[in-house]
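Multiple structures are listed underneath, in structure tokens.
In the two assemblies presented below, subunit A is common to both, partnered first by subunit B and then by subunit C.
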Partner chain A sequence: MSDAAPLRPLGPRAGEDPAWVRIGLIALVIAFSVLLLILPLVTVFTQALAKGPGPSLAALADPDAIAAIKLTLLTAAIAVPVNVLFGLCAAWAIAKHDFPLKSLLITAIDLPFSVSPVVAGLSYVLVFGLQGWLGPWLQTHHIQIIFATPGIVLATIFVTLPFVARELIPLMQAQGRDEEEAAVSLGASGLTTFFLVTVPNIRWGLLYGVLLCNARAMGEFGAVSVVSGHIRGLTDTMPLHVEILYNEYDSVGAFSVAALLCLLAVATLVLKLALERARPLGEDTDLARPIGRNPP
Partner chain B sequence: MTTFAPRASRHAPRLRRRSAIPGFTLTFGLTLTALCLIVLIPLAAVISRSAGLGMGGFIAAAFSDRALRAYELSVSCSLIGATVNGVFGLVTAWVLVRYAFPGRALLNAVIDLPFALPTAVAGVALAGLYGGTGWIGAALAPLGVKTAYNRVGIVIALTFVGLPFVVRTVEPVLRDLATDVEEAAASLGAGRLSTVARVILPALAPAWITGFALAFARAVGEYGSVIFIAGNMPYRTEIAPLLITIELEQFDFASASAIAAVMLGVAFVMLLTINAIQAWASRSSR
Partner chain C sequence: MSLPHLNDSLAPTSVTLENVRKTFARYPALNGVSLDIAPGELIALLGPSGSGKTTLLRIIAGLEFPDDGRVSFGDQEVTFAHAAQRGVGFVFQQYALFKHMTVAKNITFGLDVKSGKDKPTAAARKARCEELLDLVELSGLGGRFPSQLSGGQRQRVALARALAVSPRILLLDEPFGALDATVRKTLRRELRRLHDATGLTTVFVTHDQEEALDLADRVALLNAGRIEQVGTPQQILDHPASAFVAGFVGEANALKGATLGGVFALGAAKLAAQGVADGVATAFIRPEQFTLADAGEDGLAIRLDRATQRGPLLWLEGATPDGQPVEAAVLAEGAGPLRVGATIQLSVRSARVFGAADPDLGIPMRGAR
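This part shows the complex of A and B:
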């Protein structure tokens, strides 16, 4: 801000749009998000409750639905910790050290976001399936991965792999290395430095990554659909169960399970908002921002 | 990024500047191992299986008439979706950053819904809304407009999945854009429209293009939200990822891999393009 007052007033105020532009643009954006975001959500709940809450709850209490919920929870319970471990390792190596071809490694970490989930699923079929690289060996040892829980977990790990890493890498790069170097030079061990110096600095970003990773892990469809085999009650996750019921024209059932997943999404958004409020300034990171670039 | 070694290192240049912070070998090793086992080796299996077809076989499988139609559909609908998002994303970011209005916080939260909502749920929800019996589908049917089981439906689904990208890439740049540049332009006599066109939009361009590319890349590979609303008619409303699953259901692994290899190529190109745009953007913002 300059101390001198402007020489002349600039219309209503410089950088401010006329009221009709403001109202028009706001109305446009609200109409767009109602049509594309709000109404679909409302549709899920109205369709789920089309015959009252009874049939809807019955659909959720169905043994196959419960098995699907359990499998989804199990998958997330494995995929999310793996993701945290990978994200912490990748961010520590990339942000706190220098090595050649670093940007290539960062690009490779980003790969699962660009690859179609269906291609990811196919790649696991080609490695672990009966006709795959490891298929004959797995068969002689009676290990089933494709069309079984391990395949579903692996496919979920593939598609969620970048979540925590891409949250932590820019954050830890921006924070620099001074604090860790100071701790180490004062005699702290690597683990002590990590838990007492680094973790307090990155906890919000880490939670944020975990939250988004969890939403994706519970909701993944394409990759899991390819490796699952769609065996009801056995290899059926919640999103796959939605598809099965929908294709059987069980509208109430499909939308009831979908409504449960909508609640998960809404809870994710609420928690995300709460995290953004709680997060101190300077830990601002964005979901859609590609990783690996320091903020200028 | 500054990679100047301290003056002390006047010995032979080392491959890696030693950091005082421990744990490099362990974390780097784990990262690389996990990346290879989980991502790179499985993807190599796709390339290897499709290479097993030989040149002629690969071309026959990957560029069959049906596959070409599927690519065309996926790419053109993704482009339209990303363009719609490009326009509305820019306006949304503008409204979120510049205007105060009731419901702004809610709008800000709901924009991220496509990131949080499972794609299959998005698929059945959009099909339920835009299909023949849905509120919007039924309302538009008398006008002769069909919003599901055709290209329109596919574009709606792909617009949905790419929606947050442009908003979330443009928004931080717009927030950081100093208003004094705008005021300077205005005080020098520029009208509001020319200030927006000549001062604001060029500053947003790198972020906007990045968001567009991210939305497009996401849409090309999208599967779950599309298949419920697409209709899935061979040659007409069959997207490329769906074709892979169809080949797979017929146990034609080689053809599935050939199509997947093409899609993998598109994914690589998009990833490199986005990286190049990012590098250009961070250079031009200095």
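This part shows the complex of A and C:
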């Protein structure tokens, strides 16, 4: 060991990892992403187009497929607004007010993330099904929930419930009440304050929550599978339809519908990217926070 | 400066607080506070954190409601009136500007949300905005967003926004707390100028005694949810009503000694202490209340640790023989040579002595916020 050895930093900047660590890490992450994310996605499209675009389009034009697409869009169209309404109410209540059992409510909102969707579906069958608690009453009033559209919508709402609320709670908690109080002290009413001050402050978080919620609402399989009953052309959503076609060895049909689902998801992500780009000057950029990871 | 529109609606209003109490989750924030604020007065609520000063300000604003007591503006009771109806301008500690609105939109917000015949025309609102931008010296910045402004500029926007609605009372919560020292000084002058120009009854909260004493007509000193003393800065400095006040303002030295028969003794130094019970006591002596003792005079013996000249004053740091730290500021002129490590004699021109029976002894004093 030379006593005149110059002290050199390991990386170009203090605290930076040496080159082999950096390159190794980046390569590893890219390899994983390609293998586990990109490749499967590409496969969906190549399988869908394996016999050319004709059979693929025919599979989508099938009445059962069209019924599934309609049901999926209807479900999302109901579940997302309900989610927004609930998310806004919950986040407002939790972030701006103090009340007993608040922490319990925050935990309860996370329930759909921690419970398996299949369990959620089963519990809906137990409550609303023929042998369930409300079954006899529902039957005498000729209301069918399980194995019908209402059940599918309810199961989807359950599974997607945390998305908007989870996005908004930390955001609104971080913003505090100052701006609302300022608005009120300037003479604004509660509703005016909400629409002129609160909503603009949370709009990006809200939009992000809506996009994620929408993606999940269209793609949900487990809970919907249990309550749907798989009646072709009636209670099949797109994910369920994909499974049925696949089990019937209709590979082109299954992957064609799957490709359409993928396109919807990709469109959602592109929309999110476009929104992030379009943010006006002078606003925070905290859109990229992982969902469900923010401590209450 | 003439500001024809700023105080056109109302004459300055007095504020009366009667026995206001407020408790947060079993922790008492205000223990019966009474205070009369004169019309057009600039008053500071001064106190360490947790003394209840911000709660008191929020109760005046209607952002909190008291558990007990009365709040009146003039002869009108407003104890439980909604904040939107009180006609107060509130400037928040972190400004609370609307981030998604331009400076101009922020300023006119209070006018934009008015409805019916109260709402000024678009042209009037624009004119008002220009007038206020002028007043706070931000002309031409109306199109910017708050994030494009410096801290001091944001503070000015917050002030202009609060003034836009022609409030009866202006309330400011730690208005300079988030600013650096230079900007702080400038804005302090600014607030005084604004107050003099508008004639508004103004209440501001601060933990910085220098700010309060420098700026306010009167200072209300709060401690543990009670008002310790209300008075002009001079009264508070010269006649502190309690040991807490004496310790909190003026960077006073707190020296422990003993009183006997109305005389406080610390070493050879004797101080008048009329009305203080015999026994352990504390003398509060501000640095400038010391002078160098004349030869032969019996003073307070100090071992000198450090002497620094700042302008005409010589700042001396040292300790009494029993180890109590002392800071003194004496005139440099005629001080003669002083040697660090030597013992010097200081005489005390005036001091305030409080006995051990005073309940406020033992509270952190110097440097306490």
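Definition applied: the second predicted complex is superposed on the first by the 258 of 296 C-alpha atoms of A that agree within 3 Å, B and C clash if a C-alpha of one lies under 4 Å from a C-alpha of the other, contacts with A are read in each partner's own complex, and residues count from 1 in each chain.
Rule of thumb we're sticking to: a contact is a pair of C-beta atoms (placed from the backbone, for glycine too) under 8 Å apart; a residue touches a chain by one contact, two chains touch by 3 or more.
Because the structure is predicted, anything quoted here is derived from the model rather than measured.
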**Prompt:** Just subunit B (first), just subunit C (second), both, or neither: which does A:192 touch?
**Reply:** second
**Message:** With both complexes superposed on chain A, which partner does A:50 reach: first (subunit B), second (subunit C), both or neither?
**Reply:** neither
**Message:** In the overlaid three-chain picture, which partner chain does A:73 touch, first (subunit B) or second (subunit C), both, or neither?
**Reply:** neither
**Request:** For A:112, select first, second, both or neither according to whether it touches subunit B, subunit C, the two together, or no partner.
**Result:** first
**Asked** First (subunit B), second (subunit C), both or neither: which does A:181 touch?
**Response** both
**Prompt:** Of the two partner chains, subunit B (first) and subunit C (second), which one does A:231 touch, if any: first, second, both, or neither?
**Reply:** neither
**Message:** For the three-chain arrangement built by superposition, which of subunit B and subunit C touches the greater number of subunit A residues?
**Reply:** B
**Message:** Quick check for you: in the superposed arrangement, does A:201 touch first (subunit B), second (subunit C), both or neither?
**Reply:** second
**Request:** Please identify the positions on subunit A that touch both subunit B and subunit C, taking each partner from its own complex.
**Result:** 181, 184-185, 189, 284
**Complete:** subunit A partner, complex, touching residues on subunit C are 61-63, 82-86, 88-90, 92, 94, 96-101, 109-110, 113-114, 145-148, 161-162, 164-165
**subunit A to subunit B touching residues, read off their complex** = 6-7, 10-11, 14-15, 17-18, 22, 25-26, 28-30, 32-33, 35-41, 43-44, 47, 85-86, 88-90, 92-94, 96-100, 103, 105, 107-120, 122-127, 129, 131-133, 154, 157-158, 161, 177, 180-181, 184-185, 189-190, 193-194, 212, 215, 218-222, 225-226, 238-240, 242-243, 246, 254-255, 258, 261-262, 264-266, 268-270, 272-273, 284, 286-290, 293-294, 296
**Touching residues (chain side subunit B, partner subunit A) in the complex** = 1, 3, 15-17, 19-24, 26-28, 30-32, 34-35, 38-43, 45-46, 48-49, 88, 91-92, 94-95, 98-99, 101, 103, 105, 107, 109-122, 124-126, 128-129, 134-136, 156, 159-160, 163-165, 167-169, 171-172, 179, 182-183, 186-187, 192, 210-211, 214, 217-218, 220-224, 228, 240-242, 244-245, 248, 253, 256-257, 260, 263-264, 267-268, 270-272, 274-275, 278, 282, 285-286
**Request:** Flag every residue of subunit A that touches subunit C in the complex, lowest number first.
**Result:** 178-179, 181-189, 192, 196-197, 200-201, 281-284
